[in-house]
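Just below sit the structures, each encoded as structure tokens.
What follows is subunit A paired twice: with subunit B in the first complex and subunit C in the second.
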Partner chain A sequence: MFWGIFFVSPFVLVAAVFLLFPIAYSLYLSLRETTLYTSWFDQFGQMKYVGFENYRRLVTDPVFWYSVLATGIYALLLIPTTVAASLWLALMLHSKLPGYRAFRSAFFLPHVFDVFVVGIIWLLLYNPQSGPFAWLFRSLGIDWFTKNGFVDNPISVLPSIAFAMVLKGMGFGMILFLTALNNIPESIFEAADIDGASPRQKLFRVTIPLLRPMILFQMVTGLVGALNAFSEFYALTKAGGGPAFSFFGSTVQSARVSGFHLFRLFDESYYGSAAAMSFILLGFALIIAWVNFRFLGKDNTA
Partner chain B sequence: MATEIRRDVRLRQWAINYAILVPILFVVQLPLMWMVLTALKAKGHGLELRFIPHAGEALYTFDNFMSVLNDPSFPFSRFIMNSLIVASGCGALTVLICTMGGYGFAKKRFPLRDQLFGMLIAVMLVPGLIFMVPQFAITAKLGWMNTFTGMIVPHAANIFGLFLLRQHIRQLPDSLIEAATVDGAGEISIFWRVIVPLSVPIMITLFLLTFVGQWSNFLWQLIVNTPDSFKITLPVGLSYFKGQYSLEWERMMAGACFSILPVCALLLFTQRFFMQGLIAGGVKE
Partner chain C sequence: MRIYLRSLSLGVLLALASLAVAAEEGTIRLVLWQGFKYSEVGELTANVEEFTKSWNASHTPRIEIAVQQVSFDDMVKRMKTAALAHITPDMAFVDANSMVSLVYGQVARPLDTLKNFPPNGIEELRKEYVPGAFDTNVVEFGGKKHLYGLPAQTTTLALFWNKKMFRDRATELKAAGLDPERPPRDWDEFIRYGKILTQPEKGLFAYGLTNSLWFSMPIMNQYGVSLVRRDENGVLVPNLSNPRTEAAVNRNVNFFLKDKVEAGAWREGQLDPGQGFLNQKYAMILIGPWMIENFRASKLDFGVALVPRVPLEEAKRLGLVPPDADDNSTAAQHLSSGNIGGQNLMVVSASKHPEVCFEFARFFSSEKVQRGWAEKLGQIPICVAAQKNLDLSKFPEVPTFIEQVNLARPLPPLPFGGTLEVDIVNPEINLVLQGNRSTKDALASIEKKMAARILAPVNEAEAAARDSAK
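Up next, the complex of A and B:
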């Protein structure tokens, strides 16, 4: 018994201090706020108890609700596209294409790059004058992006960031789908062939239903990722949260997603509000994960 | 006859797949290519949409890399050193405590063992941002601001890593441990001489995943370092550099190369371990 505790104690100690305790501490902080008189060196020690004031202030703040809406739009742009694109790539590579391994590595490569650094590179690719995408649209006779930019106007900023992140992330989803595809016995496809199923029928009636657990897994992890998204926005909006526009009477920055808003609260020393916001987001994550499992996870036989 | 028709169909299918995959691959690799080409361009040419030099013109140069490495106010060579220390330090510590913990949870008995493990697994579902404010408060309280310790220790308890090692060690036969006990090996030497050698591939996988993750951990390294810190890592250094010289794209991309290209090389040589870890992670659900 002593040795069991001996071996797990280093991990459990670090986890207790930096993972378990923080959950409780976060709840405690969410009921408090920093005061004007707080000493800079002891900001957390001198916070004042304010009850549910932080939560109340957040849910009545249009800027907070906009950040939730922006995250929702971003997640809708990002997650279905990434899942569909990675499934499509996986299906194409799964046909035992020569060069399979090289393709697999090349598509996977950007997944391990630093998100922040990739974001900065995209700032260059999205340059309205000298970037390749503006050039492409110009040659197609569309100069809207040359005039308005990609990440410099409230309309295209979220789709542009989502596009960059789809390209970065789809290789990872592809690998997961390839693994799942390899686990499907060949005999199932042969049986479908014998029954005279068309390729389309095979895809929608056999392959996709069998991949449902993997699709669900990617939807849920993608959602948690969207709620935590920060670095790509920090890089691509030049740390400003994107172009401003008016939302229900408040000026909001169009790319101020929840992760970015939370960072701003933190950066401006609203530690109580930041903690409260992280709990509201946890609530959203749990609800959406539950809805996903409820509707996508039905008759989960695989 | 039938097989020949089949082969024909298959060849046509492959041709179509190539025609689709190659352009997509080009777009996927565009940021990497653009970064390298911009980093190689001479000062002032970073925002020009052309890649072929005029006659007699020196459009390409290696100067940006040198100038970025030796910049007195943004010493990239130090940022790289700091990132290496943080990423490999965190990798080593994570592997050590996850292997010890994995062994303890897999093969040892103690009260509430399974409840404790279950609780840790549940924590994995909590979005990371919940931890940020308290982790920052604790790190500040411990006096770990602007230190390597502050960047390494708070993220070392990698629950996914613990899970990975526990699953692996659990399927090692108990008879190996019993045989070592009969030979008179103590607990510590069983761990080092039996468990560790048999877990090396998983340990390498976990080390690499942690290394790459921490090499790119921008947000945490940004908040535990004040702007005047000597421990600033590569992504944080790059973000300050961007704030200062936002128009010098050639030098900024040279800085970006120092972040991206080592990861490319690492992945190229250690692909097998990466795939193994990802597959183990994806299939667990």
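Up next, the complex of A and C:
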């Protein structure tokens, strides 16, 4: 017993200092708020105790609820598309098509680029007059994007950013799926062949069920990524938060996802509100992760 | 005996060492944060050396100024974290529009309480500087108004026009009775030029607009807009629901909505005004002197002019000028107002040697230093005396900026400047530009948010300060 505690104590200590203390301190901050006269030399010490006021203010603020909704929409656009695209790429490359090594590197490459660099490139691609996407749509007889832009209007801004991030992130998902595919024993496919399974049946009855842990993993990490999404929105809206629109009578910025809203609160020194928002988002993340595990993780043996 | 000699030698060595340390400790070491461009750092270093040398020749203890580079955009954030860790510099060049935050954060030291502050007071000192730039340093905090810095570098917006794009439409401009060799002088003329210069089928537009409060300030100032005012009880209230503000906002948004001379550059996905001007897509933009280097490097044939004025008839209608004013009257000249940007030199409240820092701030904003910055680097001198008899042969645009900045006014000294601009004003005006909200409704919404998020805490804090003073 003693030695057990002794050996885990370094980890417990590190976790306590770098994980548990910050969580507890954030909880403490979420019950306080900076005032107009808070000295920067003692910002946290001079914060005023406000009880649950930060939480109350957030849950009655339409801008906060829009940021949650926008994050949900973004997650719905991003996660299933990235998982599906990554899986499709992995299946293509797993079948060892000619030149698959070059394709593997090419698809993975965007993942290593900084989000800001990718954002600037996509801003050029999305230019409504001179960008290739606008030209493509124009040549198909659709000039809506030339008139309204891609990231310039509340309707298409979230799908446009999600599309850019799917193309950036699917290379990494593809590598994960390739690793998982390589770990499926060949004998299972041979058994399916003996049973006379068609390629479609092998995909839906053998491959995908066996990849379920990896799909679950990508869904959960994707969810965390969507909740933390900030840089792509900052870069693709030129730090502005996107075009404005009216949401239940309040003016909101259409690309103001929760990560962006959190950044604005923090940037303007509303540390208490920012901490409170983090805990509310944590609650949402836990609920969604639980739902994911409940429906995708209950049976891994297929 | 040997032991005795060794001990004695060691004692002597220690005594000498402690003397050396004492001499070193006698030197005052000051830390200066700066966020200047690479091309400006050399001049700053020379100024610091000159000041140090001259100070050390006549004062003891000696001083040493360590100049540390900090990104201009991150200066306030760095100051905030440095304050928390109690490792602030002694002085810093900070964004002129951040002064209020720094004062409310109690990081900036009031200079008018220093022993060596000129005896004639703030108003007398103001006469030495560009008024708009000086005013960014005067902040009311805790019910008391103080001077918290000195202007060090100033910028403002002016009209940049592409001479080639004007010449390309010379025939059409002449046919409309307009001179292709000069830029427009008032907004009505601007629109007349704009309608001819705009050719959407070729992707060419007369104007590229930036949708931000700071970039809108020249027009707001021209229309005599004051974002806030004090009511009869001295309480701060928003001041936007009035014909002048409405006219100013309409003027700004109608370049796109009604007059159709603006490219939509205010949208996120479009070429921003700077890029559009650089690529010869936009014939005119409002921008500051910081872009001149880029435009020159791209071999653009461009000119710089004063921001076009409010048309005289409209100005008379709105009561901005006397009814008998003509185009050459002083009142009419003042209709070409600008905004204020740039940097102030502030002394950090934790500095142990604020008087020396203040002397450095006075030296840096002196006529001699400012003249050097103007003639060598093309900067706008913040010291009025340095604006006369300058050799600006290398920087022909600077005289226009000097004229413009002397007509400029800063943003009101309110805290939460980021909230006001990014979260309150810009989204509302964005809605107006999209055609989804009327100017009147947008201004009413801005007023409501301003009152709740910015003015209420200020009023509350001022009331508390008044109560504690009683």
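The rule is simple: the second predicted complex is superposed on the first by the 281 of 302 C-alpha atoms of A that agree within 3 Å, B and C clash if a C-alpha of one lies under 4 Å from a C-alpha of the other, contacts with A are read in each partner's own complex, and residues count from 1 in each chain.
Simple rule for what comes next: contacts are C-beta pairs under 8 Å (C-beta built on N, C-alpha and C of every residue); 3 or more make two chains touch, one makes a residue touch a chain.
Everything numeric in this text was worked out from a predicted model, so none of it was measured.
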item	value
Subunit A as common anchor, with subunit B and subunit C clashing or fitting	clash
Contacts of A:Gln129 with subunit B and subunit C, given as first, second, both or neither	both
Which partner reaches more residues of subunit A (counting touched residues only), subunit B or subunit C	B
Contacts of A:Val83 with subunit B and subunit C, given as first, second, both or neither	neither
First, second, both or neither for A:Ser95, with subunit B first and subunit C second	first
Which of subunit B and subunit C A:Gly149 touches, first, second, both or neither	second
Which superposed partner A:Leu211 touches (first subunit B, second subunit C, both, neither)	neither
Contacts of A:Thr251 with subunit B and subunit C, given as first, second, both or neither	second
Partner chain(s) touched by A:Ala162 [first = subunit B, second = subunit C, both, neither]	neither
Subunit B clash site on subunit C (candidates 74-82, 236-244 or 452-460)	74-82
Subunit A positions touched by subunit B in one structure and by subunit C in the second	44, 127, 129-131, 238
Parts of subunit A lying in touch with subunit C, wherever the complex brings them together	35-44, 123, 126-131, 149-153, 157, 236-238, 240-246, 251-253, 264, 267-269
Touching residues on subunit B, where the partner in the complex is subunit A	10, 13-14, 17-18, 20-21, 24-25, 27-32, 34-35, 38, 46-49, 96-98, 100-101, 103-105, 108-111, 113, 116, 119-120, 123, 125-138, 140-141, 153-157, 159, 162, 187, 191, 212, 215-216, 218-219, 223, 235, 238-239, 242-243, 246, 249, 252-253, 256, 259-260, 263-264, 267-268, 271, 274-275, 278-279, 282-283, 285
Subunit A residues within the subunit B interface of the complex	1, 3-8, 10-12, 14-15, 17-23, 25-26, 29, 44, 89, 92-93, 95, 97-98, 103, 105-110, 112-118, 120-122, 124-125, 127, 129-132, 135, 164, 167, 170-172, 175-176, 179-180, 213-214, 217, 224, 227-228, 230-231, 234-235, 238-239, 259, 262-263, 266, 271, 274-275, 278-279, 281-282, 285, 289
Complex contacts: residues of subunit C adjacent to subunit A	79-80, 83-84, 86, 104-107, 142, 203, 264, 267-272, 350, 415-416, 418-419, 422-423, 426-428, 430-431, 434, 436-437, 445, 457-458, 460-461
